[in-house]
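Have a look at this one before I ask anything.
Note that the chains are named A, B, C and D in the order they appear, and that numbering of residues resets to 1 at the start of each chain.
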Amino acid sequence: MYNFKNDYSEGAHANILNKLLETNLVQQLGYGDDEYTSAAKALLKAKIDNPQVDIHFLSAGTQTNLLVISCLLKSHEAVISVQSGHIYAHEAGAIEATGHRIITVESMDGKLRPRNIEQIVQQHTLRPHVVKPRLVYISNSTEIGTIYQKAELEALSQCCKQYNLLLFLDGARLGNALTATNNDLTLAEISRLTDVFYIGATKNGALLGEAVVFNRPDMYPDFDYALKQKGALLAKGRLLGIQFLELFKSNLYFELADHANKMAMKIADATRELGYDFLTHSTTNQIFPVFPRHTINELYKKYLFFEWKQVDENHSAVRLLTSWATPEKVVDEFIFDLKALQ
Amino acid sequence: MYNFKNDYSEGAHANILNKLLETNLVQQLGYGDDEYTSAAKALLKAKIDNPQVDIHFLSAGTQTNLLVISCLLKSHEAVISVQSGHIYAHEAGAIEATGHRIITVESMDGKLRPRNIEQIVQQHTLRPHVVKPRLVYISNSTEIGTIYQKAELEALSQCCKQYNLLLFLDGARLGNALTATNNDLTLAEISRLTDVFYIGATKNGALLGEAVVFNRPDMYPDFDYALKQKGALLAKGRLLGIQFLELFKSNLYFELADHANKMAMKIADATRELGYDFLTHSTTNQIFPVFPRHTINELYKKYLFFEWKQVDENHSAVRLLTSWATPEKVVDEFIFDLKALQ
Amino acid sequence: MYNFKNDYSEGAHANILNKLLETNLVQQLGYGDDEYTSAAKALLKAKIDNPQVDIHFLSAGTQTNLLVISCLLKSHEAVISVQSGHIYAHEAGAIEATGHRIITVESMDGKLRPRNIEQIVQQHTLRPHVVKPRLVYISNSTEIGTIYQKAELEALSQCCKQYNLLLFLDGARLGNALTATNNDLTLAEISRLTDVFYIGATKNGALLGEAVVFNRPDMYPDFDYALKQKGALLAKGRLLGIQFLELFKSNLYFELADHANKMAMKIADATRELGYDFLTHSTTNQIFPVFPRHTINELYKKYLFFEWKQVDENHSAVRLLTSWATPEKVVDEFIFDLKALQ
Amino acid sequence: MYNFKNDYSEGAHANILNKLLETNLVQQLGYGDDEYTSAAKALLKAKIDNPQVDIHFLSAGTQTNLLVISCLLKSHEAVISVQSGHIYAHEAGAIEATGHRIITVESMDGKLRPRNIEQIVQQHTLRPHVVKPRLVYISNSTEIGTIYQKAELEALSQCCKQYNLLLFLDGARLGNALTATNNDLTLAEISRLTDVFYIGATKNGALLGEAVVFNRPDMYPDFDYALKQKGALLAKGRLLGIQFLELFKSNLYFELADHANKMAMKIADATRELGYDFLTHSTTNQIFPVFPRHTINELYKKYLFFEWKQVDENHSAVRLLTSWATPEKVVDEFIFDLKALQ
């Protein structure tokens, strides 16, 4: 059985594990004051092309989302997100647990648009009886595989400035977004167009690790306290520093994401050629082909994947996720099996 | 410079890293539903000699403390702890951040006693104007290196039952406690005498990892939700499962702790022989010798350690921490240097 | 200018003020331990026909909603409500501020139905990644003036039991519901069919006051602590006790609500006769007639009221609220003025 | 039985109740947008001699304390208070419930001093492992009847500025402080020397009511949202506005406090003359004479009061509280009875 359910089914890229072994007995200070963490932060600042950004390493996406949002908002301030946003759909109410409402809008392609924001702002003016929208949450790539293009992100950024909203980009799959064939954004531009974002590594070759980037140093200077207080500060911070160092000292981070995308696109192309439809137009490592019931049942004999949405009585969209670790021969075999099912 | 500041200055025991490499590309389900996590839980249940306990793996001590305590308490319920307790002294207000007061008592040796509990209970009866004590927090070994003996833990357990208090044992350094020469407790007895406790691995050979044990399965059946909601659930839960598996499939966990203790005791014995006094009587891997100013300054030239407490104008107690990774030759060298300073 | 904006534009019924004067210098214990509070609770238990219920007096609706909900739910548990529910629409995120998501459904008539609940329960099963629905929040009368009939409440109650959900009825305008001409419920039946509800007095003749009724004494025995901790416990609890005593020692509470309803229905009948349409079919003290722009503008010269919803380019539904204090001659005058505008 | 237990055993001053009756049917906007509230705020600004202050009316002391503190602090920031401070001793953990630690110091006379603050600041520097002190909480008069004199408050104010701490003065009994014979402060000076304070009326003639004064308008401009979200905003805000208007349109507020003080001092003087000692040197409306067991038992036959602290085997300090409503003849009778017990 091969598992296409998610992009965290394996451990870490070999370079990372080797580096952990190599540095294992070098003594370091704890809690992120180690040399690897410092070096990794310096490296990321260079890649982002802004020495002023404030970077912190965390362990997981939900942890990152809840810490960033709870630090930046006052109690009555709310978040705007699409309904499929990870913070709304798959984090067990983590944001509400920190005291904030998420105001959602439906979005077919998982992307938020300025007109959504404007409408929500206009609906939330009856002070002090309704919450005050204050932060816009987007993901790139989105939960359904699409990406924001530069013009779209610029429009969102502009809209947020106009309404005094913070723009927070969840980059759990940022590597996949930035290596998509239709991408025209860079780390530097994302840093310029958002207030805060993160560079996800858990889903792109690391054992665990998300790098939060506050784009202005004065955004939340006490974030170290928040990390400690919410249990997110690792005693052996070196574990995060070493991983980001390995991923970014070469182009490894982007190569891994690119591989994941290519594997997904190879399946997508073959699927399309076979005449199947898709629920969404994804250009990254998760695709949502629509298969008949029989095909799904047959595929289940060799593959694990999620049924995402029933389309009609006899068809469902499934979600297939590839990763940095997906072997091309498995992809070829899947395509072969799919063809055989026609 | 050798660092005696803490017991998390190195990476992980080689067995763990090797196992991570060996299992790296085996696909597993995410979020703790992997085979290694299941096997590690089964193994721990056997060691604890109770198949009914409910075990969860977390990443860090503060995270564990805040999650356990916030799940078990209602809003107006409070924690009892000694003032040197980690939750009070070094967790940035993590417990209060979940809404609960910590009621503290001073304790010279870091241990809590039934009479402390009784006094606090008696001072908190003016309902509903004062908080209601509901959970007793202790550490074994304590923050100053001492351990609870069986009779002491039994007395605390009995006292907690009498006053309807939960007993929670922070085992960040449980290995060191259970391998101390004066220890007479076992994992099974700790499980029997407390309501919930944890087995710390971050400070005993793992990259990160704490195993929470709820001693009755109905204590908080929704702890999985809490883990997810507070950002403590790792996508690659295998990372925690594999480590606990390696530490407990043999006697490795206890061997590592024993080594750390032996190294500390070797320094302690030599220090005592040289006529130095100690702030506390520790039998585990952290010792608090009292040195004159001059000696401290000289030691600083080769060693990192914390000055813990000024004793008089010319003397301070320092904290020396050894770990599973402390080489005996460094210990010998330290002793040699200390002798030379007389 | 007469104000039809809300039902809390005046002070309190004269009986209440007179009783405050009469009892003013009688010394009483503080914090709700006074004789008036005890007597009022006994009286309400008799009216509810259940001596086992646990009653507490609070000051305001939002305060009551947030305290009840936060006491009854664990962190990852969520509330189900219609989108127009007061907790979602007009309480500044009070429920989320206590850590809980409100899952909403749209409802034309402001009422929730078992099929809404079932659908939400079915969409929230991916443990532990999504919140767990645990409490159903309804209002009677609803935010748009409609009421639940016995069969409807029984169906909801049954559905909640089936899915292990608590049923909480916001009774800020419970008097208006129970005196509506189409009502077939009693306080006793509401107590039997819900887990917790409250009897609102702020909007029905009191200066302030909401009486929470936990229908089983073991639902939250520590509610007194919660009241104190969240700042809801008045030093002079007599203020609440005296008011509920006055309202319920005779039939005053229901007479006041009945008057408010009759005033609204008189306007509604006249409006209907004049050929105007309504946004909703209300039988209580708030009505939502649809008027042309010109009529609204003319009415604004003499009356205050809210424009609720634009219906088309030239028409809007307005909200007219009557109260225990609305003089019939003002109602007659309004009808006269409305007729004159045709 | 006459009750000396507290200063909230009666209702409200007759002027207030009469004004409530007089204004009862005048329609007003809800939620504090009424004319009485506006007028009362204007009046207080004039008394404070600063038109820039931001004033809000709340219902209770605990509510006020928790709202002010939670709005002004970030999650990891802590409060400094004496151990007898109301927020620590009698509010059921209300501050911790909003996420903040209270760091306490013992104080014989209930007052905090700059050296206490300095010591705490110096003990809380191990960033990010310990909480960050950020707000100093004091009460005037204190919980044991003493008051701050101008020089003391100036020293505290200066100290707070030096350490970047906010100074918050709990004025639940501010009237009693400002009318004490040894007082040399005014409302204007308190406003100048603190960041935020409140003027308590619940314990000085009102049914309920505390007026929070933010001394700079930009301190927390969103406090209205906080009031609403935490359930502290009354629909009939007029109830608070009218009461403050009555208390401050003349000198009534200070006359009532002065009466309470005089009654306490009359008892104190007589008690002192009889040779009894006191636990503290109070100049306001609560005194703590030390009586022998027999005397206490005899007094209990006619009076209610708290035993505050056992002094030795045969003596206890009791707390006697007088109020605006305490009749002088009761005071005379108490003195008579006390003399008879010698």
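The working rule: a residue touches a chain if its C-beta (ideal position, glycine included) is under 8 Å from a C-beta of that chain, and two chains touch if they have at least 3 such contacts.
This one's a predicted model, so the numbers in the text were calculated from it and none came from an experiment.
Note on connectivity: the fewest steps through touching chains from chain A to chain C is 1. Just to note, of C-D and B-D, the chains joined by more C-beta pairs in contact are C-D.
Summarising the inter-chain layout, the chain whose CA centre lies farthest from the centre of chain C is B. In this assembly, the C-alpha centroid of chain A lies 51 Å from the C-alpha centroid of chain D.
Rounded to a whole number, the gap between the C-alpha centres of chain C and chain D is 34 angstrom.
In whole angstrom, the spacing between the mean C-alpha positions of chain B and chain D is 43. Residue numbers of chain B whose C-beta contacts span two or more other chains: 75-76, 91-93, 97, 128-129, 225, 228-229, 233. Contact residues on chain C toward chain D in their complex (touch as defined above): 2-3, 5-6, 8-12, 14, 17, 20-21, 23-30, 59-67, 91-94, 97, 202-203, 207-208, 225, 228-236, 238-239, 325. Only residues 70-71, 74-76, 127-129, 132, 222, 224-229, 233 of chain A touch chain D when the two sit together in their complex.
Chain contact summary for the complex, chain A toward chain C: residues 75-76, 78, 89-93, 96-102, 126, 128-131.
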